[in-house]
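Each structure below is given as structure tokens.
The two complexes that follow have chain A in common; it is paired with chain B in the first and with chain C in the second.
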Partner chain A sequence: MAEVEDTLKRIQGYNGVIGSIVVNAEGIPIRTTLDNSTTVQYVGLLHQLTMKARSTIRDIDPQNDLTFLRIRSKKHEIMVAPDKEFLMIVIQSPTE
Partner chain B sequence: MEIVYVYTKKRSEFGRQCNFSDRPAELHVDILPDPSLAANFTVRDPCNVTMQCAEEMSEHEVNTERFESESRGINHVEGGWPKDLNPEDMEATIRYRKKVEKDEHYQNTIMQIAGLMEHCSKQNNATDIYQDFFDDEVEEEVVEESEEEPSAKTINVFRDPNEVKRTATSLSWHPDGNHKLAVAYSSLEFQKAPNDMSFDSYIWDIENHNKPEMTLKPVCPLVCLEYNPKDSHILVGGSYNGQIAYWDTRKGSQPVEMSTIEHSHRDPVYKVIWLQSKTGMDIFSASTDGQVLWWDIRKLSEPTERLVLDPSKKWNLDNALGAISLEFETTMPTKFMVGTEQGLVVSCNRKAKTPAEKIVCTYSGHHGPIYALQRNPFFPKNFLTVADWTARIWSEDIKESSIMWTKYHMAHLLDGCWSPVRPSVFFTVKMDGTLDVWDILFKQNDPTLSLKVCDEALYSIRVQDNGRYLGCGSQLGTTTLLEISSGLCTLQKNEKALVSEMFERETKREKILESRHREMRLKERSRSEQSREDEAKDADGEESTEELVARAETEFFHMLEAEKTKERNEEKERDMEKGVCEEKDFQEEHETNGVVASFTRGEISL
Partner chain C sequence: MSVPHKVGTVKSKQATNVKAPVAKVVKAAGKKKDEEEATDTAEGEEWMPGKTLVKPPDQLDLTEEELNEEITRVLTANNPNAPQNVVRYGFKEGCYKPIIFVDQMAIHFELEGNLVHKESDEGRRLMAKQAEREEGTGAEKLDNVAKAGEKERKLTNQFNFNERASQTLNNPPRDISCQTEPPPRANFSATANQWEIYDFYVEELKRREKSKEKQEGQVLNKEEDKSKKKIIQAETQSDDITQLAHAAKIIERMVNQNIFDEVAQDFMYFEDAADEFRGEKGTLLPLWKLQYDKAKGLSVTALCWNPKYNDLFAVGLGSYEFTQEERGMLLFYTLKNSSYPEFIFNTTSGVMCVDIHEQLSYLVAVGLHDGCVAVYNLKKKSDQPVYNSTASSGKHRGAVMQVKWQKDDLDSNHNFISVSADGRVVSWTLVKHELVFTDIIKLPATDKVPDDLKDVIATAGTSLDFHKQKDYHFLVATEAGKIHKGSKYYSSKFLETYDAHFMTVSRVRWNPFHPNVFISCGWDWMVKIWDQTIKSPIFTFELKTSVTDVAWAPYSSTIFAAITNDGKSRDHA
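Right after this comes the complex of A and B.
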């Protein structure tokens, strides 16, 4: 329990990390450092995207599976670590 | 004819079962053919039968189902809470969350994915992926122009529409847009112009080579023609009889005004140039009668100013040099240059106080009339002259000789001009119909591109302001429009600097040579004053070449004689010893060797 806390705190403390979210399969944000509306928005959109990405990978090769999803944009990078039940989302901006 | 067959059956026999029996065929009716009916018909010969051998096809229509699409937005609302939980209830949600967090499975999963996440996060921090790499490296686009071979291709050819062909002596591009080309036609051969030769000159639209856009009808054939750079409707022409005329294209083909014969030139006007003035109506003209006259277009009855090209500065018309070309640069409005028939370039100052001071200096070096004279548009101190068999580049400061020159060609060069976009490129045309493009940065001994435009002599050439198109006029009145490759009309890197360096270098060389010559001449003079005696023995290296040659000759012959006598003596000796034939061969060999040796010895002593 404490390790989880530490880990999450550590991730949040990294250089350039704007926010982090942990969601369960039903879409309930378990842990979030952003405000509710932003969290809900991120969760809703990224969940769908992750599903799509995963199905793409599995379509091409059924033995394959999605391990990590990184979306780089002009302003920052959104990293999504999917799992069967949970989803961790971290938003990091580049170090100038 | 009715054919009737009647069959009877008893009423009582109706309904009775059929009994079939065999019996032979009976002929009931026999209709014979009636030949008379054939008269109603004719034999059709040939019979036309249409047939089609094609696949049988059928037509089907298909319409896809309409796909209806709609734009929708998503409203994200928190969800997924279990049924019994009220999302608004803060406590309940917190409690639920805490419960999830305590779950072992949750903790393991989180640890796992957190590891991945950390790795990526650290990666991001390690390098800035948004950094601009390769900023300082200059983008080296493949400079295709420099690799491309210089070339020129003919775009259009305008022929003289008249039967009797005249020479296209002068071309002028329209000042805005460059879509029109004014060409002056005349026959420069003295008294060879046939009686029915037309006097007209034309303005061509470069798109249409069939018919000139406009005809200019002077009283006498025009030798030169120029558009007014400020007003593109006005053209001025110098004619064969010495008069100046000007046209306004809006007003028709006849000249608006012509200069009076008494005050005009006495010889054909070879060049007319527009001056840079406030009114934009001033021109000056040059002719082989030795005069340069200034005119105001609006008042062509009398020239505004006059200059006689008398090198002795006495304004004596009989001594005057005939002018064939003029040069005027708008950046230096008081100076101008005149190229003469005698091969001299005269530089003049218009604003001189006394008439005698008008002629500033002369440049000599050509053997024949200077057909073209133009300053380099980028380096006005250097100018190009085209005359006799060479083209020369001069620097204003060096009056004794040109700083650069081409080799002597096989045919006369008749016209030339600088490229308006590249300081190192100039064009010349020759009597054998070739157009030469020279790039002095690339090659100095030969033209970079030599193109045979036509079989007859090319008399004039003019480059358009963008440097890409040029027109050249030939002896039979054919004006050819050429496009040169982009390599020859785009400014290369460092070109200006390199060309200016080259000019400076050559100028310096000429200056040094000039000063050395002056020194030598001074020495000569002083020496000849001191002693007129035996200077020949003084091996100063100052001896004239003829003396040197004479000395060398006498020495050589002396040595030859000496050798010959020696050989003959030796021969006599050897004859006595051995056989004659062998010796003769040996002697000849020895003699030739000996002769060669004495020759070389003679050379070294020189």
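Right after this comes the complex of A and C.
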């Protein structure tokens, strides 16, 4: 339990990380470092995208599963790591 | 002549003798005459002439016999016109049968009458009509006609129909309605994909297996199950974040990769174009700097790459200063995450050496500063070593300088060998939950030590290496500057001794490719390459400062790297 909290803290402390969100299975963010409205927006949109991505992978081969989803944009990079029950989102801007 | 004929027949019915028609006629005539005579007798006997027989001209002439013949004439009721030979098809016999009894009735005269019985309906009707006519006024007639029409209509209804109607009391209708509570509804939507079906089947399998296991071990596991249930409940109650560990790990690595993107690229593809111009000096690009806060103050004493996972390596932390406080750590780093170690183990004293098992890459042997050896199992989450050697189980009396895993022995127990500063080369075997030690050999004391102290003061071993192919041969380097070649099977004596250096030999290693060559380095500033069959070194390199470590390149048999006390590393070919 504490290890995970540690890890989350460390992730937030890394260079370039703007924010991190942890979402539970129902789509409710349980930990976030961003403000409420942004969090809700990110969660709503990324949840759907993750579901779609996962569905795609699994449709092709049911034994496969999505481990990681990365969206690189001009300004940031959004990383989503889905789990069985959770979803972890980290937004990082490139270190340049 | 028919009339007289009929009269004749009538008379013949009366069964009188009848003669031939002639005779009849005669007779008839005679009788008539008689009658006439009878009647006429009254009138007059005057007309008596003509008693002479008048014969008609066409009368048959018959003889007297014939005239006297009696001819029977029968009177029947048969209709002479009725057919006498009517036949009808009989289905029973299948042929035409004559019908004997034929209707003999002959109708001579028919007249239909127009008399109506006065009691009958028609009679009554007619009588009524007559009554009307006799009354005779037009209007009445009309009325009567109408009435009569009605009456007539009534009368004409054959059944004399009567209609009676009555109205029952109807109950006033009432509306009663009641409303129930609608059943609770919930919207359910799901997708049926190939993978959802697959998931479900996998879960079903697991459930079945569990139930099988439960059935088998039910009695014994009841208590365990109870405790498990408690744990499960506790887990599900909290907003459980521990399962996030895996996802968090991935994220951390990804974030690190982003941060150290250039470094990662260099790691793969480093090529410095300037190398061609520098001549002897090459470039060594430091890629990562791995730090751990809690390891501050500890010096890195040992490094070992994991043979299976190429990016994982173990770091042993301790201190070289013998007077400093005893504390040590064993850390495992992966190149994927350069900011934080993957595994952290705290040890009771400084770690001096680390070795990871070749096949079972989760077994890690550690030699400690206080002479203990410990074995850690990376698969287990605990912080404690799986095996630990204690004073009673024969731990070393000096710091353990080197540990090396061996192949599994005949009982397929894992074992490893350690050499320490107390001069003993010990083999440790992992038997169940214990470490069993066997002394392999004892390093002989140097010549300088007086004989009677030889048993007490031992020379410290500093390095140990096993031959790649013949792994019962090993080399031990000592503080005294000697290298001994020994065999695991000879426990009393060394096979060979080489006078290697004037000072402590810090490292000895076999060449991974050449079976006879090994390299040694010492604090006497020298690196020497030896052939095991020759007593003196083949090559000697003199470096400006004491050499602390030397290693062969894994890809070439002629390249080695050496590190010196001044912080420089040299590659030689």
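Everything that follows uses one rule, which is that the second predicted complex is superposed on the first by the 96 of 96 C-alpha atoms of A that agree within 3 Å, B and C clash if a C-alpha of one lies under 4 Å from a C-alpha of the other, contacts with A are read in each partner's own complex, and residues count from 1 in each chain.
In this text, a contact is a pair of C-beta atoms (placed from the backbone, for glycine too) under 8 Å apart; a residue touches a chain by one contact, two chains touch by 3 or more.
From a predicted model like this one, the values you see are computed outputs, not experimental measurements.
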| item | value |
| --- | --- |
| First, second, both or neither for A:Gln41, with chain B first and chain C second | first |
| First, second, both or neither for A:Phe86, with chain B first and chain C second | both |
| Touching partner for A:Ile30 - first (chain B), second (chain C), both, neither | both |
| Partner chain in contact with A:Arg58 - chain B first, chain C second, else both or neither | second |
| Chain B versus chain C as contact partner of A:Gly19, first or second or both or neither | neither |
| Chain B and chain C footprints on chain A, overlapping residues | 1, 3-4, 7-8, 10-11, 14-17, 22, 24, 30-31, 67-68, 70, 77, 79, 81-83, 85-86, 88, 90, 92, 94-95 |
| Complex interface listing, chain B residues touching chain A | 74, 76-81, 96-97, 100-102, 105-107, 109-114, 116-118, 120-122, 124-125, 128-130 |
| Chain A contact footprint on chain C (complex, rising order) | 191, 193-195, 197-199, 239-252, 254-256, 258-259, 261, 339-340 |
| Residues of chain A touching chain C in the complex | 1, 3-5, 7-8, 10-11, 14-17, 20, 22, 24, 30-31, 55, 58-59, 62-63, 67-68, 70, 77, 79, 81-88, 90, 92, 94-95 |
| Touch list for chain A against partner chain B, complex | 1, 3-4, 7-8, 10-11, 14-17, 22, 24-31, 36, 40-41, 43-45, 67-68, 70, 72, 77, 79, 81-83, 85-86, 88, 90, 92, 94-96 |
